[in-house]
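Take a look at the structures listed below.
In the two complexes that follow, subunit A is the common piece, with subunit B as its partner first and subunit C second.
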Partner chain A sequence: MPKVLIVDDTAFMRKLLRNILFSGGFDIVGEAENGKQAVELYKQHKPDLVTMDIVMPEMNGIEALKQIKSIDPQAKVVMCTAVGQEQMVKAAIKLGAKGYIIKPFQAPKVIEEVKKVLGLN
Partner chain B sequence: MEIDMGEYKQEFLQESKEYLEILNQSFIELENGNKDAVNEIFRIAHTIKGMAGFLGYKNLEELCHGMEGVLSRIRDGEMEVDSDIIDLMLECVDRINEIVEKIESEDTDDVDVSDLIGKLTALKQDGVDKTNKTTKEIKEEDKAQDVYNVVVNVELADDCAMKGVRAALILEAISEIAKIVKTEPDEEVIEGGDFDGKFSIFVDGSKDAINKVMKNIAEIKSYEVVQVGDADKLKSELDVKIEGEKKEDKESRETKIEGRKDKPKKTLESIRVNIEQLDTIMNLVGELVISKGRLLQISQEYDIPELREAVGIMDKSITSLQDEIMQIRMVKIERVFSKFPRMVRDLSRKMGKKVKFIIEGQDTELDRTILDEISDPLVHLVRNAVDHGIETPEERIKAGKSEVGLIKLSARREKNTIIIEIEDDGRGLDLEEIKKKAVERGIILPSEAETMSDEDAKMLIFAPGFSTKSVATEVSGRGVGMDVVKTTAEKLGGNVKVFTKKGEGMKVRISLPPTVAIIKSLIVKVGDENYAIPLSSVLEALYVTKENWKVIHGNPFLYIRGKLVPAVKLRELFNIKNGKVEKEVGIIVEREGERYGLVVDAITNQQEIVIKPLSSFLSKVKGFGGVTILGDGRVIPILDVSSLIGGEVLV
Partner chain C sequence: MSEKVLTKTTAELYKDGWVKAELTLTDESITIGTEKVTIREIEDLELVEVDSSQAIRIKKGGDIVFRVPGKLQSQIFRFLAFNLKSDRFAVYFLSPATRGGVVVTNVKWEKGYLSITDEAVWFLSPNKQLRISFDNLGSVDKDVRTVGGKQRVVLVIAHVEKGEVLTSLVLCPETTLEMLEHYLKQLIEKYKPKSELSDVEIQIATLIYSGVDSVSIESILGISTDELDKYFDKLVDLGLARVVKIRKELELTPKGVAVVSEAQKSQNIMR
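This part shows the complex of A and B:
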């Protein structure tokens, strides 16, 4: 099973993503509440994919993306975003994010995006 | 796959409530010039919006979205923060609160937000649009070499949200493995999202590689990669590609090894626990303490050393368990304090007063039950400070003070007491005026007023039915409140003190024990009955002798080290006739700095007891703070020292 790291500052979103991804056949190796934790957990678990919220305390998703990319240029990071955040996502893509999902998201969309990014078809 | 959203509602509600509190606080910080606060606020509005979107709360989502619009302009420095903006924002926060409450009770967010949306939109459009579009010219330059060999025609999925971003993702992915010569329509147009979902990319690169990349991008309805140009070029392009791949491979292996070296252990630091569960555990520990007492009693009665030893060991574990749970129940006073900046701000604005509000000692910890109980009295005191304490700016200037009033709320721990103080530099208490009011309201007699000490006069404000303002304002002064402050503090085993100087301000000090539920107490005997006296209020105990027992003008006193301490014989107070003892014991207790003597038959024991509060009608009985169960199952009353010696007639 592909290993996924979930990064979001709200327990609500983490639970939602955890359930969606778990039923989609993914292994949740860790959950981080902020960018700082995300970078730590990334080093620790080397997940195949990271779902990264953008707006977070301590360290935001863009900064975390940068750091993860500097640790592992091959890192596959999917940004979680909301309507109105186009500029942020575009910036993330320029920094190497491989995909994005928009809140509120539906389970099939999340699975599709994640599978595509991982090259599973 | 359907997601059952009901499951997430609880989390949503809990998180929202926490966020609302932070919002209130952060807006005040923002108003006070902390520009960084806007980031936090934006993040929260954004998060709530996100959660609302999932659960289908459209009004809430819309409201947060509207707030975000204004907030982002503040954040980007396009808008100056003023009190009107903060007012509107706080209004939004209140509305969110209302919606959250409605969701909790009725599972709908059916609250009208159109008025606020209108105001937010107006505010957002207010001022100059400072958008700068000057990047176009730079891009024009590098369009010189129009050499491409592959054309990619893409059509995005119909339900693709953020078409521009998806397109940007595709362009970025392709540009990593090939050179994008141009696009149709223009790159800016595509990335701006202003197109019908179809576009073409003209690339100088390898068809296969592009195919591979395109396969791994979601939300594409269809795409085709068409080869144009010559084969030679294609080949050289491929070589470069393969070499590049090799290099990348090596790089990633290196970083992997490096990454393995330092593996910091990060474990979960906290979990959420339902408060009710904590209360249940606390109760169970209470039961354990009682059972322990029972076992101890058996071991002593039957003199079984083995049992005594076993109980001794169990006793240790129970004590540690109890300490741990007490610790868990401790919460930072911040939880209550955090709502005050907002309250003070709103009140002072409403009443045209200028107030600087300072909070100290937010980290002080208190038992959750005590915190809950003391919350409302504190609200009342802070309101009073703004309403009655601080004068209007004009009055203050006339009195030679700075026009900005100062209110300080502080908490600290002194040994085994939590001290909370509310201090203002306002008009202070006019003791003569207070006495006059008290006489008018029939609380004291005119003759009493004349002889009353200042200390006693101050305490008049805590008398039921007393209010210093002739006209009750909307804010405070409905004649209820101050007496509640005092009774609550005393019920919790604490007390209230007032310091004031006319024209210079006032300070109310509330002293509280940091924990409740299990207390050390003295078990005393009067007649055939046992009673518990909280050890926290006991100063000393001594035998009552002919020498130290004095009756002066019909009032009994204990004469201790040259001082007369008013005394009460519980035997007489409770009207107990049987079982007279020769040597009675006087227990000296302290209440509000005054000493009193309680005369009992004997002290039987000193032990930890679990307070079981008196419920409903029994709770009104004066003189008792609750009951406790002894080890042998007997139920005994706990004496409430302050109401006992308050002189009131017992039931």
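This part shows the complex of A and C:
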């Protein structure tokens, strides 16, 4: 079962992603509500994939992505963003994010994108 | 000057059932049986499903619904879509850019028109005639995208099609873009639901859109079935959702209890 770390500052969005990914056969190894926690949990769990919100308090998703990539250049991170934040997504892709999903999202599309990034399709 | 006839064919007109009629399309009008409509006066147009077949609905005051056999129907639809009464703007568009939250990769920028009719916004090109009814418009915002290697300001239009959120991009001169943004924002404001939703109602709508089932919604939000039913009723009353399935809650009859009890006994025996 591929291990996933969910990063989002809203509990609701974390629960939604947990529900979708768990139903899709993924093991949720942790949830973080900001970039700082995400980096710590990444070191701890070494997940196969991270879903990363962009706008978060303390440390945003872009900075967290940079730090995770410096710890593990092979890290697979999918950015999770709202319509209108595509410029930030572009920056994230340049920094090594492997894909992105735009809120609101549908479960099958999320699973499809995550599997694509993990090379499971 | 007389009208130039473009096509004549047999068609069927819907009047409480399908009635055979001759269709004549000219450069100025369309006549189906006894119904003659000047194309420039058509207020809107739509492909609709009637009796399990696809038909064309023309709005001009009332509705005229007709169908034409074979490929000719799409050709007539395209001709009408390009020539009906509308506010039309020459644009480049990319539609859809995303579907269900994920980027669509096999779509290219097209040169065409953004057309606004009485009931809908259209993306028109020789290959595509996409109609988005005002009810299905979600949001419109400016954003910067790389188009043809250059950073350009585009309009991002979020809309709904068959239960999925799509975004489409529009590129045109900046003054037109400003005007379109303002125009579309006014339309969205006019057609959005009058009643504001609470945070939990928005969360429930989001969960439904994501495909989460009722039991999981209760668990995610920590609410009871009765509470969820009330929220569902409100979303349905506001026209924001529709009922697709009614969940059954059961209580066992004494006979059912006996069956379960018996099954447990035999499981004990099996251990």
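One rule holds in what follows: the second predicted complex is superposed on the first by the 121 of 121 C-alpha atoms of A that agree within 3 Å, B and C clash if a C-alpha of one lies under 4 Å from a C-alpha of the other, contacts with A are read in each partner's own complex, and residues count from 1 in each chain.
Going forward, contacts are C-beta pairs under 8 Å (C-beta built on N, C-alpha and C of every residue); 3 or more make two chains touch, one makes a residue touch a chain.
What you see is a predicted model; the values in this text were computed from it and never measured.
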Clash or fit (per the criteria above) of subunit B with subunit C on subunit A: clash
First (subunit B), second (subunit C), both or neither touched by A:86: both
Partner with the higher number of touched subunit A residues, subunit C or subunit B: B
Touching partner for A:104 - first (subunit B), second (subunit C), both, neither: both
Which of subunit B and subunit C A:20 touches, first, second, both or neither: both
Partner chain(s) touched by A:74 [first = subunit B, second = subunit C, both, neither]: first
Against subunit C, colliding segment of subunit B, chosen among 27-35, 81-89, 171-179 or 189-197: 189-197
Overlap of the subunit B and subunit C footprints on subunit A, listed as residue numbers: 12, 15-16, 19-20, 83-84, 86, 90, 100, 102-104, 106-109, 112-113
Parts of subunit C lying in touch with subunit A, wherever the complex brings them together: 98-103, 139, 141, 143-146, 156, 158, 164-165, 167, 203, 206-207, 209-212, 216, 220
Subunit B to subunit A touching residues, read off their complex: 1-3, 7-8, 11-12, 15, 40, 42-43, 46-47, 49-51, 53-54, 65, 68-69, 161-162, 164-165, 168-169, 172-173, 191, 193, 215-219, 248, 251-252, 255-256, 259, 262-264, 266, 272
Residues of subunit A that touch subunit B when the two form their complex: 9-13, 15-16, 19-20, 23-24, 37, 40-41, 43-44, 46, 55-57, 71-74, 81-84, 86, 89-90, 93-94, 97-100, 102-104, 106-109, 111-113, 115-119, 121
Subunit A to subunit C touching residues, read off their complex: 12, 15-16, 19-20, 83-84, 86-87, 90, 100-110, 112-113
